[in-house]
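Below is one structure, written out as structure tokens; the observations come after it.
Per-chain residue numbering starts at 1, and chain names A, B, C and D are given in the order in which the chains are listed.
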Amino acid sequence: MLEELKKEVYEANMLLLQYDLVTFTWGNVSGIDREKGLFVIKPSGVEYGQLAPSDMTVVDLEGNRIEGRYRPSSDTATHAALYRRFPEIGGVAHTHSVWATSWAQAGRDIPCYGTTHADYIYGEVPCVRELTPKEIDEDYEKNTGLLIADEFSLRNIGYLATPAVLCRNHGPFTWGKNAGEAVYHAAVLEKVAKMAALCEWINPGNDPASQNLQDKHYYRKHGEEAYYGQRE
Amino acid sequence: MLEELKKEVYEANMLLLQYDLVTFTWGNVSGIDREKGLFVIKPSGVEYGQLAPSDMTVVDLEGNRIEGRYRPSSDTATHAALYRRFPEIGGVAHTHSVWATSWAQAGRDIPCYGTTHADYIYGEVPCVRELTPKEIDEDYEKNTGLLIADEFSLRNIGYLATPAVLCRNHGPFTWGKNAGEAVYHAAVLEKVAKMAALCEWINPGNDPASQNLQDKHYYRKHGEEAYYGQRE
Amino acid sequence: MLEELKKEVYEANMLLLQYDLVTFTWGNVSGIDREKGLFVIKPSGVEYGQLAPSDMTVVDLEGNRIEGRYRPSSDTATHAALYRRFPEIGGVAHTHSVWATSWAQAGRDIPCYGTTHADYIYGEVPCVRELTPKEIDEDYEKNTGLLIADEFSLRNIGYLATPAVLCRNHGPFTWGKNAGEAVYHAAVLEKVAKMAALCEWINPGNDPASQNLQDKHYYRKHGEEAYYGQRE
Amino acid sequence: MLEELKKEVYEANMLLLQYDLVTFTWGNVSGIDREKGLFVIKPSGVEYGQLAPSDMTVVDLEGNRIEGRYRPSSDTATHAALYRRFPEIGGVAHTHSVWATSWAQAGRDIPCYGTTHADYIYGEVPCVRELTPKEIDEDYEKNTGLLIADEFSLRNIGYLATPAVLCRNHGPFTWGKNAGEAVYHAAVLEKVAKMAALCEWINPGNDPASQNLQDKHYYRKHGEEAYYGQRE
């Protein structure tokens, strides 16, 4: 069942290791088959070195296990909520990568200080508010996903142009057109988070990059007039 | 004598290297056989590359060498005191890992700023006071262990839920159900120590995570209602 | 066509990886054949692991593709402008290396705090002003190169003695007598950028190295009276 | 000539790479044969990957080349001065390692904040004053060595107990009973320098470790009453 997607999700999970984004089992990646309405996700608490593609778990959009011998990631309900609310994404990644998590713990949006950021993420990376005690007690992981989607609506942020978010006191979620791109964005975010912190410490009171420069870099890589890469 | 335990302790010591927690010989791990009242520990000042399981030293709960051609770690009396005072632990690790040691040198408890911390360590990581000149002169290593245990009593901290401590101007000790888990906690602590410092620098005056969130994450991994991992 | 130069440029691009100066495809190196008035540059957005020397693109000094199946780097017009305005350079490198980029995002020149800097870069590393909206809209990459050259003229900085620049909110460009030396300077700059930040944080209000010491180190490595290395 | 010593010095130079203390050719190690009054040092500006033991250069205590096809390190006169003034040392190492160099650029002594420092270096690591223009112009490298030795005399620091120094705006020199120990101390210093900076940033206004604790750790590793390691 969904063997191709399992392989893709497995490989995306292994990329987390290659990009140095996870310690132990602290990360998970999923990918969705939109036609079937099912997604594939890493099992909970199993070490990366012991995983095979066939160990990936298949769940439905409510997060129920449909197939697989392992329980899915404890963050499955967050992934499910994101798939329901962000209909054009194909993959989701969650890590505790050092710099992005430090910004999440600090409770701050990451300003766009340069083109590395603007090339992949439009505008600041939002940090959502803390969950209420009720939201934590009743359905923590699901509410995490809903809060992210609500925050994007509230702030009028496009989820395709800004494929990253920080969960307060927790860590980052990123997404993309598939599992691999979600991980790619996790790696971009980690680098951007590190450089944003360093540049603030080098020049306290530093301003974000101008909107003109942000637009220039974002749109030379994205959209109909993009000219980065091999698209001709 | 205790060959299985020696192998386990040897492997846990080698994990210190793999997790990048030691420089040269600056770390040691032990594991205990509670029935026999003996524990196994790394020899003092021998390089990791030259060690074999059979080189591990067996000592009693007063820290006396019972078997082994090498003198045990110079910190043996600290391990012994921890085993006497914390009856449910099965392994102890000591390192000079960079970030945890920097907090120890700074003399500060590590606040719980996020879920990476709360997943494994309940509440802040305590930093014990400096030893008095008398405590240093008379039985330094033993007094280090006693001070840790006294501090946990005094502050009413549960040693199973908070398996880590910072010794002022020295470095961290961690423990667990066995030698391997003690090292795992040393790796968690190092990551947590790094992210706590970074998040304070990103947002000076930052508050710890809410008690609700800390409880949620700790108890989704620990205790009867845990649902992280493959426990069903 | 220009097979030797393609090989040299390919190898210089791969050095970016070896020196840990690039993430994904975020960097590019070129080398020029001054007699033919053509230069060779990495293609745009192709992963390093998939490149071969024959994939390098040949362009003229206006940045037009002359040969090669791939479109050249999106920063080609910047390289071209630098080759036109700095007639004695033979190679150019651009990266988003973490520390140099953080200084660029911070919008500050890197002061010369020590001999590591003075050995290779004479005086501070200039950070050029932000481009105007018009400069960004009309010919962004070309204007980036022109701005660099204008800044060097304006400040009366010799481009051979100071082979590095920071583009505001973007990242560093470096150059040298050939592609390999351009990359070497990119690695020097990254180290220098890191140590300059650290030393400011260790001692806020720290002064640059004395001009005497800067001159001593620069001239023991460069010019007729140099005595570093194997030149006799 | 001095083949054993050349091998030892070669291997010590290669340890600089293994311990991640050098970039490119920015470091050099020497070892002395006190009976012959000759020392062996790395050649100037030759890459580590191209060196063999037979490439090491033999010089006398004035720094004159006695044997070897390469010119000796440009810092040879500093090594020579240290050997003349510190008669019990057997090896000297110089690096531009990131954290120690950043303290040197910051112009500050490194306070002893913990036992990692106290285990190997007694008291603070001194940072010597800047050389005068005259000292720079007339015999820069020799004067660097003389200034170090003068500073140790002036401050009444024992060079055996404190085997490390920072040269203002330049970088560290370390020494030991032989070339290998000099490099070992360079690695200790780098770790100590990093943790001293981090602990100051975690707790601005932090005090050094108590003299009692410093003495305890230094003397449990050094001198007649040492009990660290396998000495019985």
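Definition applied: contacts are C-beta pairs under 8 Å (C-beta built on N, C-alpha and C of every residue); 3 or more make two chains touch, one makes a residue touch a chain.
Here the structure is a predicted model, which is why all the values come from computation and not from measurement.
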item	value
Angle of the C-alpha superposing rotation, chain A to chain B, to the nearest 5 degrees	90
For chain A paired with chain C, centre-to-centre distance based on mean C-alpha positions, whole Å	33
Between chain C and chain B, distance of the C-alpha-averaged centres to the nearest whole Å	46
Shared interface positions of chain A, touching two or more other chains	200-201
Overall pattern in which the protein chains touch one another (line/ring/star/complete/other)	ring
Parts of chain C lying in touch with chain D, wherever the complex brings them together	113-116, 119, 184, 187-188, 191, 194-196, 198-203, 206, 209-210, 212-213, 216, 220, 227-230, 232
Contact set on chain A toward chain B in their complex	23-24, 26, 43-46, 70-71, 74, 96, 98-99, 101-108, 130-131, 133, 136-137, 140, 169-171, 197, 200-201
